[in-house]
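Each of the two complexes below includes subunit A, the first together with subunit B, the second together with subunit C.
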Partner chain A sequence: MKRRGRGIACMWYPIGFTVDANASAATVKVNEDGTATVLTGTVETGQGSLTVLGQIAAEALGIATDDVHVVSADTDTTPMDTGAIASRTTYVTGNAIWLAAEAAKAILFETAAPMLGVKVSQLEARDRKIQVKSFPQRNVSIGEVAHRSQVVLGQPAIGSASWNPPTVAMDPETGQGKPFATYVYATQIAEVDVDDETGEVEILRIAAAHDCGTAINPMLVEGQVEGGISMGVGMALQEEMLFDANGRHINPNLTNYIMPTSLDMPEIAVDIVQGYDPTGPFGAKGVGEPTAVPTAAAILNAIHDAVGVRVTSLPATAEKVLTAIKAKRAAEVKQIPA
Partner chain B sequence: MNEHSRVLERDELEIAETLRSPDVDLRLPPVLPREPYPIEPLTPDARQQTRAVGQRATRSDARLHGLGQTKYIDDLSFPGMLYARIKRAGIASARIKRIDTSAAEAMPGVMAVLTGKEIPTNSFGPTFQDQPVLADPIVRHAGDGVAAVAAVTEQIANEALAKIVVEYEPLPAVLDPVAAMREDSPKVHAPNSNIYATKVVRKGDIEKGFAESDRIFEARFSTQMIEHVSLEPHAAIADWDANGRLTIWATIGRITLARADMARTLKLPMSRIRIIGTIVGGNFGGKNEISQEPALALLSKKTGRPVKGVFTRGEEFTATTTRHPIIMDYKTGVSNKGRILARQIRLVLDGGAYCSWSATTLGKACILSPGPYKIDNVVAEAFVVYTNKTMTGAMRGFGAPQVCFAYESQMDDIAKALGIDPLEIRLLNAFDEGSSSPTGQVLHSVVIKESLRKAADRFGWEPRS
Partner chain C sequence: MTDVTMIVNGQVRGASVPPETTLLQLLRDNFNLTGAKLGCDVGDCGACTVIVDGQAVNSCLMLAGQAEGRQILTIEGLASREWLHPIQTAFENSGALQCGFCGPGVLLSAKALLDENLNPSTQEIRDALSGNLCRCTGYTKMIEAVQDAARLLREESRTQLTHARTEATAP
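Here is the complex of A and B:
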């Protein structure tokens, strides 16, 4: 019969490289009409990073996501970047873009200050305008300022910057140090049905609460969490590369290497935990990798809760779960006094 | 009257007609009516909002993805472009005695063949440069490339691979990471030890911690080798132009490192290399270093034509990086109230044939292995060892999913043994703002307890008596 169980798992995960430098550089160019172009050396690998990076530039310049075009991934034209790895794009590349946008904005403010008759320090960029703080009715459109800056004054609003997360090397003997600038935290709770006659596990639902600092784009965070959970499901129950005695891979195809499909996916409820990291762009950290971290642990704990067996080697295939159930039954039978 | 101009007999005509019809179809493919779509994208409001941060803005590339118009490498084509394929060793450990490429080179349509000897610097890697572009002369896992072919079609390139004759002297192989740690085990990178990186984290006094503990829990956990299985396989196009400038379109998540690797393997100044990262159809850590790109570049140099290489799904499994299997020994001392007082961990990572990102995975796995808990006494030791298997490298989580499986499994075992609710025991031990990590780092913006409570609320977690 099917037995229901629940399992919880939490985790911590660092953003960026372990101690080693992993800088990003970026250039932000404000066009004469107040739109902007961002140059970054990172690569869009499907996660939506370019959209998030565009949002960071837009926020810094007081314009909309749609006003920013992000040019990426060309060693001839874009500045260096350590790349789409280590959940670092939003945090590290995002900081570089933020700083570059601030540098471009400083040029715009220099132009706008005499136009509005105030000091640079009294200006802010909001709603596609440069306005006097606390006096938003005294404003000039960012397009007008950018045009004047570039075409009249000959000072194009272009900013470049780089950023590298601060770390402290680890002691080789004790490992003591500050290997990462920041960490994110998450919890996932899984509910499963385990068939105690076949060992088959069905994942019913997963509640996932993830911290990413400020969610620059909550929709993309949710997408990451759902994608990460699908990888976690494969790790927990299905995926395994198998080798023969001679070291040849025996299942190098998707017929024999079983991955989760949409039919294997549970219902997922994603919560973004309120957080703010003062070292990240607008308080953001990162979210890519950690989404796949606690899933398998939560599922295995749910299996344990359902049928009382602890599977200690992944994946928990039906065969493995059933063998464990049978072993548990056999052990229980022996305990009955004669 | 010659063969071609004679008038066909009636019965022959019928056959000819049957043969012609599919042929006609092939010459004149039906043109589907163009699907009309609005020229002006229907922009959802979120993309137009100022205060851009926090908006559920649709992705700037969503429209092209949705219409199937995103250009992945396999959608790109250049005039005169050739197709490359790589011959895989198919043997886990061997010395190459001889490679005979003459039969392949003689095939019509084969434009060039490349072996490891022709690569200026035949090694690369993000930490240790221990991986050859094409094996020469030692094969260290079955997915090692031994020769590459460029031909006018992919089919001819495939047929040419079968005509390349490689003579191997089999060498002893080691597949089990624990066996590989022994002194007398065959060495994957002789004469060096198979243990190629170690990491240790020590905090507090582990013996004192165990002595003060009421209960001690010990368990061994292990995980499997996993492939990223991105939808788009590793793919690249290399074009070595007449000016001696090399352009690579590649599915690489890190173009800056890729250019440095290309400059090293090809002995070219960086200014003569341009790497263009295309939109990548999934990375998950699997596309963070070069793979076939130097071979494609040299094939392009040899032929003067652009060369495209796209891995098969089989190559994705056997010839690219994978997730580390880890054997994890946990010994944890707790008080009767459920506080973790001491934790000792030993991790053995199966590093596969080459280092790739193993040193990074080792470090992260080791640092994260005690879990997000306040533990005063910690010893975590981690080793990564060479085996004659597909190399392991970066994959979403860098060892963290493996150690999380171990520390969270044990956490539930402890909770059960002590009769504490699994949520409660975690809240009891979890980091607070300002807690000290196992490496002695003071943690900031810590919200693990909030995440525990939020997930529990959403799930409807009730303590059971």
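Here is the complex of A and C:
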């Protein structure tokens, strides 16, 4: 008989390690046509980080994301970056790009202030223009300002910056410190059907609520969460590296290392919990790795809710679940006095 | 050596290859069509999916000789430089691909489905994509994108029908 259960799991995850240097550097150059070029050492692996970094530069400069050209990951020519690791790109690289864009913008403001007859502090960059705060009709286009900075004042609008989440040494006596700059939080709930005759588990739905500070690109955040859940589903029920007595990997291919297909994936509801982290770019933190953290725990809790057994090693294959169900039944039978 | 001739993306293409050459090797190495990817080479991952006479197949499991005289569609034949196929538009709009390595195969599996069924259920889409492994996306946005593409294609075919009727009734 199929038995339904629900399970919940929560997690926190650290963003921006501080036990060691963790720097990102970036250069932002504003061009005479009002576009901008960003140089960053980080690498895009499909998660959409270059889109997000472009959005950060665009927001800082008051231009459109389409106006930003991101040049990345050529270590000969781009500034140093610790890497697309540890869910740090939006947070650490994003801060570096934000600071670099602000530095380029400061040059533009210096040029624009006398053009508009106001002080630098009265300017803002918006809609591809540099304009007087509260008097947007008094404006000059960013391209024109960039051109003037370059050819009249001899001060091209280029900003370079680096950001390193403040390194905090660990106290050698107490072992205490502040290992990370910030943290993200998430809760996932899984609903499963467990067949108590075969031990087979079917995941019906997963609801995932994730905090990532400001979600700079909600569609990409959803994509990260859904992808992380698929990895969590594999971890919970399917994926296992098997070794023989000599330590040889016996399932080194996709025929018998079983990862989730479109048929194994449940319905997913993603809830992005909007937050604001004052240390992140426009309040953003990170989202990559945390998405896979609570999934397996939620699924195994749901199995417990459905059939009352705790599976304590992953993956919870049908064999393991059935063995646990049988052991539970046997234990229950024993309790009846003869 | 075996001489093979087939129609690839609407063009007659031929080559002389060793008989053990797979269709995937022929496409990639002889025809320089590198959109179909070599993933597992044993039919597990679907990264090499192409459409042969309307059916999505793993081109790593088909010999080049078996494709003799048949119609092959690869990802290079789906879009032109100016025009994306509605399935590709839908995938782009919903962010349905991340690293993209599985993309050509997924798109062609989706096309083979939508060529037969313009109104697939979620389960039918899951079935059609079940031979294409994806490590990044969890398939969620892909399934949504195929539904969006089906809607786009239904609208397109309705418009074409209306055009055809208008032309037919015109004096």
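The working rule: the second predicted complex is superposed on the first by the 333 of 338 C-alpha atoms of A that agree within 3 Å, B and C clash if a C-alpha of one lies under 4 Å from a C-alpha of the other, contacts with A are read in each partner's own complex, and residues count from 1 in each chain.
Here, a contact is a pair of C-beta atoms (placed from the backbone, for glycine too) under 8 Å apart; a residue touches a chain by one contact, two chains touch by 3 or more.
Computed from a predicted structure; not experimentally measured.
Number of subunit A residues touched is higher for B, counting subunit B against subunit C.
In the superposition on chain A, A:S134 makes contact with neither subunit B nor subunit C.
Once chain A of one complex is fitted onto chain A of the other, the partner contacts of A:S121 are absent, as it touches neither subunit B nor subunit C. Of the two partner chains, subunit C is the only one touched by A:S262; subunit B is not.
Look at A:G46: by the touch rule set out above, it reaches both subunit B and subunit C.
By the document's definition of touching, of the two partners only subunit C reaches A:E226; subunit B does not.
In the superposition on chain A, contact of A:K285 is made with subunit B only, not with subunit C. When the two complexes are overlaid on their common chain A, residue A:N253 makes contact with subunit B and with subunit C alike.
Contacts of A:D66 after superposition: subunit B is touched, whereas subunit C is not reached. Comparing the two complexes, residues 45-46, 48, 219-220, 228, 231, 253-254, 259 of subunit A contact subunit B in one case and subunit C in the other.
Residues of subunit C touching subunit A in their complex: 40, 42, 44-45, 94-95, 97-100, 125-127, 129-143.
Put simply, subunit A touches subunit B in their complex at residues 6-14, 17-19, 41, 43-46, 48, 50-51, 54-56, 58-59, 62-66, 69-70, 72-76, 80-86, 126-128, 170, 173-180, 182-183, 185-189, 191, 205, 207-211, 213-220, 228, 231-232, 234-235, 239-241, 243, 245-249, 251-254, 257, 259, 269, 271, 273-278, 282, 284-285, 288-290, 292-298, 300-301, 304-305, 310, 312-315.
The part of subunit A that touches subunit C in the complex is made up of residues 45-48, 219-220, 222-223, 226-231, 233, 253-255, 259-263, 265, 268.
The touching residues of subunit B, when paired with subunit A in their complex, are 43, 46-61, 90-93, 141-143, 173, 175, 199-203, 219-227, 229, 252-257, 259, 273-285, 287-288, 313-314, 316-318, 322-323, 360, 363-364, 366-368, 371-372, 380, 388-390, 394, 396-398, 400-401, 404-405, 407-409, 412-413, 422-423, 426, 430-431, 437-441, 443-448, 450-452, 454-456, 458-459, 461.
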